[in-house]
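Chains: A, B, C, D and E, in written order; residue numbering restarts at 1 for each.
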């Protein structure tokens, strides 16, 4: 009996993170923004404050619970945008080929050539800090792998008999792409999206560090961690808990992605 | 020439069709080469007739099939389906209602994410059958015709065996009631013990529905069994065509003879001298003269110098070989 | 071969032009201006100076005029003059190039030296506890924010153990290079471990490995003679992509460790709206990516006969 | 000498408030030699090594080391002191000044400084078509604007009297010390400036000469032996390791890899809680005022009662205590503690939500209102403060929408008036008159009247202070103007910054410079033998 | 058994199991056959019947999830199924060699084919690489590759399918093994090339006295190539016959059905177009083998006993065995 350990651990951590993301507001003890009590600033973990308090005297437990919402929103939404862009471009490029394929390839190489963090940094500088900007910045800059994979998948699926059959039956191109190609390319795309979600959460943290992250009122794990980095020697709990939240979530997503790859995309493990 | 194959009578007539593909080439990488996949092919099929198309990999039979279906553009020549020129007088839907295809690999030719019902019903809806009841009835009827139970319609392809999948493939090809069905190696991917079921089914359906078949196969036994007439292709050209009896009993082209000699069957022992040498050359740079000459056991100097034309040796039996007259003897015992 | 290399190099040109256009357009709409970005804090700003700066720097020209000038400049390999230092951007980047390159190379070296063997070991015992353990370690490397990892490394190796300095360039030697290189190299290391594992698993299941076994080879020879090279060919793409983008990923690590690379120049320039410097940095980072990937293509041509003879 | 008297008076008046703490009197004699490593904490690189071109504090660190100008800020006395000039005399009602120059000042290239260098340097600052940051300090000289516009070849108001005497005519009554202590008016050697290496290897009159600059990593200067102050400098080298990242700086400082470190509030507390580190912290009240500026042109901020209500609604004291960690002083009005005109008898707005509510009700806003608060992410005068204030304002019914932008954008928006309220930090010294002019109705928003404040009474007070010759009266007028601002509350008075710098125990001779803590006087710094730096 | 009559290879009561998440399944059950020196034996059956894994088990190359579950494999009387890995390796390539179905993927794409042949001489004859490369060219000459010295430097993708399979044959026969196992050696090739390859293999083996175990789904190919044929169905051998008699007088209902269902060339001319005889039903998968005779659900002659009792392999005549309750 083979235990798919990565799937189990990864899935478990991901479900946990999602649960926190959804139920965070109910799990939190206090309001993460309004309940700043400067008299309680920087208290270590205790019975009252499970994860301690931050510099403003806010309950870190509550902020980590709320932060899940923002961090996961960033991860999920921007990755959805990436997936939509990458899949749309990749599938059409793979299916149609020709000049469109050349164009999409060029665009993909262009996106790859400018490292996504740099690109996101530029977009954040232009749009200004904030959640919406972040979703756009991270959503527009990480689709090249999805595009490449979905293009390769579309190319592979395109030569399958059932796509030929659909053409023979008179299906239009878009109908073929939607009903025949897309459903059969989703496996690897889901894998990339899962892995990419982790990357996006980390990118948000990196942008926060560089001063261009998502910003309150609501906290994100990345901004919490970034804000707490100065106190790593004096009040380590400030960075420990958001740091662990990021680490475990991204680890979970990565393990889940690896596990899903074994199931959904067994033949192309080494592509990419 | 073939006086029976008048255009008005033929369901399908392919007239001097050529399909070339550019290979390679680009802004920085020089001139593309021309792959002559199909190079001047003419053939026709009458209503209710079966034409067997024989050839090995790279001979252009798949490209020919695709151009009949209007999915590949002709470089030269034309395809006339039911009196209409494909691509000019027809759109994709017209062609689809006239000609359909059964694919080789029953595993790859069914969308794994669609139920049998969707696979069969979607084309109907696409072609204007909007009444839900009628769609359901026709799907059920079609399944019955190919030997499946209507209650299996809601299963997914992986729940069927290879033979059953091929039945679904046939049902899909027939659901629009086409006149011509292109069968591309319909049994070669199936288990040996299943092949007979599918061959019998295809023949029954032909009789029942008055279908014409273009039967593409490298298995001469299957072709002989199913065809009225046979065409043999080699490197994009038809090298020999005629009635099934002429082709298999008195093949005039050395390639046809080599194909027969190559069948691993006790029946063909003793035909060693007819076997071809070496391998099929790349269609990118075919040999000069008769394209079969490097492999031909009977090649003479003239074969290397000039390409023979397809010409009649008998009523309806055309061969493209300089020495066709010398091979008038029957091949098998 | 020479023709192939020239062709591949020529193919980079349109890509670079496209990148130049993209970043030009992006940064022509960025809010905040260089002049106001010059202030640290407070508003003791002399608007007369601002106005003069704008004129001097040609910022009041219409967009298409500026782009024309920019392209004309680029055509002569001139990246323009920095708003901030009034030095040629090319000189500024030139001064940062070497530190960036050694950091990137060291990080990639770390990633390859650790990641590839890790992936190999894991793949030779697929599904074992060793495999699972190694992969979780590798994936953990992918799951840490770089700056946090960097701070932890500093804390451990500089402050607690005193093995390495916590920051700075020093004389550019290994002593100062080690910690930033590890911080930067951990995520490509993890990716490489993962890719190597997958590649080796793929190859181990390949038919020709079965052929090798049927020849009577022992597993060691099977791996050395047949698996290694094929797996490395599969890993090469990942190495290329990672290496190529590492110069850009260096931003965070350079800023944290006060490493004088292009990344930290870029971030500084973004915040101070030194647009010519920003554009120059991104262009150079992209050029680096293109050069690395072109090199990988050429390397493929050298080691993979399937490509060599096509 | 008249001017100096005035300054001295002001200095005496405020000396009691100085927090600038000199290191305890040294028992040891300064040691010659050694290296000090002063961290550059504000950005990942030095922007421009030309002192005329950069006003950034971080670049100023280097300029203070390599260059000198006519005056220098005397941190001990809290006033500008003569540096390259040995005497300055005023005539014509304070509009014409004659400077006697040092005769022992040499550039690093060995050439002696003369009056020509001063004339040339100031002329350079006004060169047309160049955006020299230092221009603003020279613009008050007669003929400077004409030269700037390209209408004149030379600044007509500058005259070389002899090789070591310069006469400068101004367009109005000025105190030149407040202008020419700025490093952006450094005296530079023409022949070096014209060399192509100028931008990368500066040459000046300072105690240390340029040695090496690894862009983005460090800058090194070494002792200049012909420096004009006898026996100085002590050090062989001054190094500036660049470390913008506070967390990394903390580790590096604790690891003894750097000799000084500017402390943010978080580290200020941490270091003060550490018995060892606590001993070596230098503190100074800097001339920066942090405040939420309200746009008077936007309703309801046009109503004084609303502005006062906001000041009452916020518990400033607790924010300064807990969030700024006492690394700041609660602001009473606009002028900071170390600047003449600050009135120590005034007390800050009391935290009184009830009163705030009452004021709001009076202003017709019993249910409060909502506004957009633009902020940067600065830890001392940005988002964290806003986050702490939001719940306080909520208690009196004021809802806040935050708009987070970069500093560069914040400045832009502020100057354009595109904000309802923003929080920022303003330099509020050392010259009180110039500082208060930022609320004068004649001052455009693009200069510094960002709140758009207009009040005739206030204008009158300032105009009078600008023209009076009586120092006591001037001080009194400044106090009145400052008190006027307190009542008018065009801003939420948050705090005056306290700068804090940790230094290693072997470093001596650091001075708390209230104009900018990182601008040290390198010639006075020395290190004892325990310094590990080589 | 005396040395002279001792078969080269004898497989006795071989069992191979497949382990999946759902449990262990018998993929091959009670397979026995033997091959004499120089003899050609065919193993024929449909996909999944266990013929290929039987071959792999002889090579000792079974890998997870497949495993040997019982039985003996003897080479010249010596049991080899439990030999230590190193001794088994010494046999592989040297005494038993194997050719695989896909000549493209069975060769390392990154190595010149000459080198891949040369490996055999280095491994088994201790030759230096230089000698081995020279011998590789000889080996290519023997498999009738034109311009062998140049081809030796070629990489697999530069060769056609037929050429690649010749290279595989050269590798397999490099050390003149006693037994060559050919697993569907021509399935991926074109019809005209197929017969050339088969002829070459037969010719070379005959010259060396090498025995052949030919594995294929193609009844025609096997009977054409081999003297004796074993027919496998669902993991068991159901019939063993001289190849002459397989087409003429098959004994097992499955074999009979197969022969009757094939549209052989010339049949229509001789007998007219007759409806082909069908074998009803589907080929069972390893995890769903029926009890009793595994062919019984599809058999026209089945009775109750077939559903429960596994028929024994019974000898009918010299070299003729059948596993059926109702054979004949």
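We adopt the following convention: a contact is a pair of C-beta atoms (placed from the backbone, for glycine too) under 8 Å apart; a residue touches a chain by one contact, two chains touch by 3 or more.
It should be emphasised that the depicted structure is a prediction, and the values quoted were computed from it without experimental measurement.
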*Interchain contact steps from chain C to chain D (minimum; 1 if touching)*: 1
*Using each chain's Cα centroid, which is most distant from the centroid of chain B?*
D
_I need the chain pair with the most C-beta contacts, please._
C-D
*Can you give the whole-Å distance between the Cα centres of chain B and chain C?*
53
*Take the average of all CA coordinates in chain D, do the same for chain E, and state the distance between these two points in whole angstrom.*
90
*Contacts with two or more other chains, residues of chain B listed in rising order*: none
*Of all the residues in chain A, which ones touch at least 2 other chains?*
2, 125, 128, 211, 229, 232-233
*Of all residues in chain C, which are in touch with two or more distinct other chains?*
31, 151, 155, 159, 255-256, 267, 271
*Residues of chain A defined as touching chain D within the complex*: 33-36, 38-39, 41, 55-57, 125, 128-130, 211-212, 215-217, 227, 229-234
_Contacting residues of chain D [partner chain C, same complex]_ = 42-45, 47-50, 53-58, 128-133, 135-136, 139, 148, 199-200, 214-218, 241-245, 247-249, 251-252, 254-255, 257, 288, 378, 381, 405-409, 411-412, 414-415, 424-427, 438, 444, 446-448, 450
*What residues of chain C sit close enough to touch chain D in their complex?*
31-33, 35-50, 52-53, 55-57, 84-87, 91-92, 95-96, 99, 150-151, 154-155, 158-159, 162, 165-169, 254-261, 264-265, 267-268, 271-273
*In the complex, chain E residues that touch chain C*: 59, 61, 85-86, 89-94, 97-98, 100, 102, 105-112, 119-120, 123-124, 155, 157-158, 168, 171
*asked:* Taking the touch rule as given, give the residues of chain B at its contact with chain E in the complex, in rising order.
replied: 56-57, 161-164, 191-197, 199-200, 203, 218-222, 224-226, 244-245, 248-249, 258-269, 272, 275-280, 295, 332
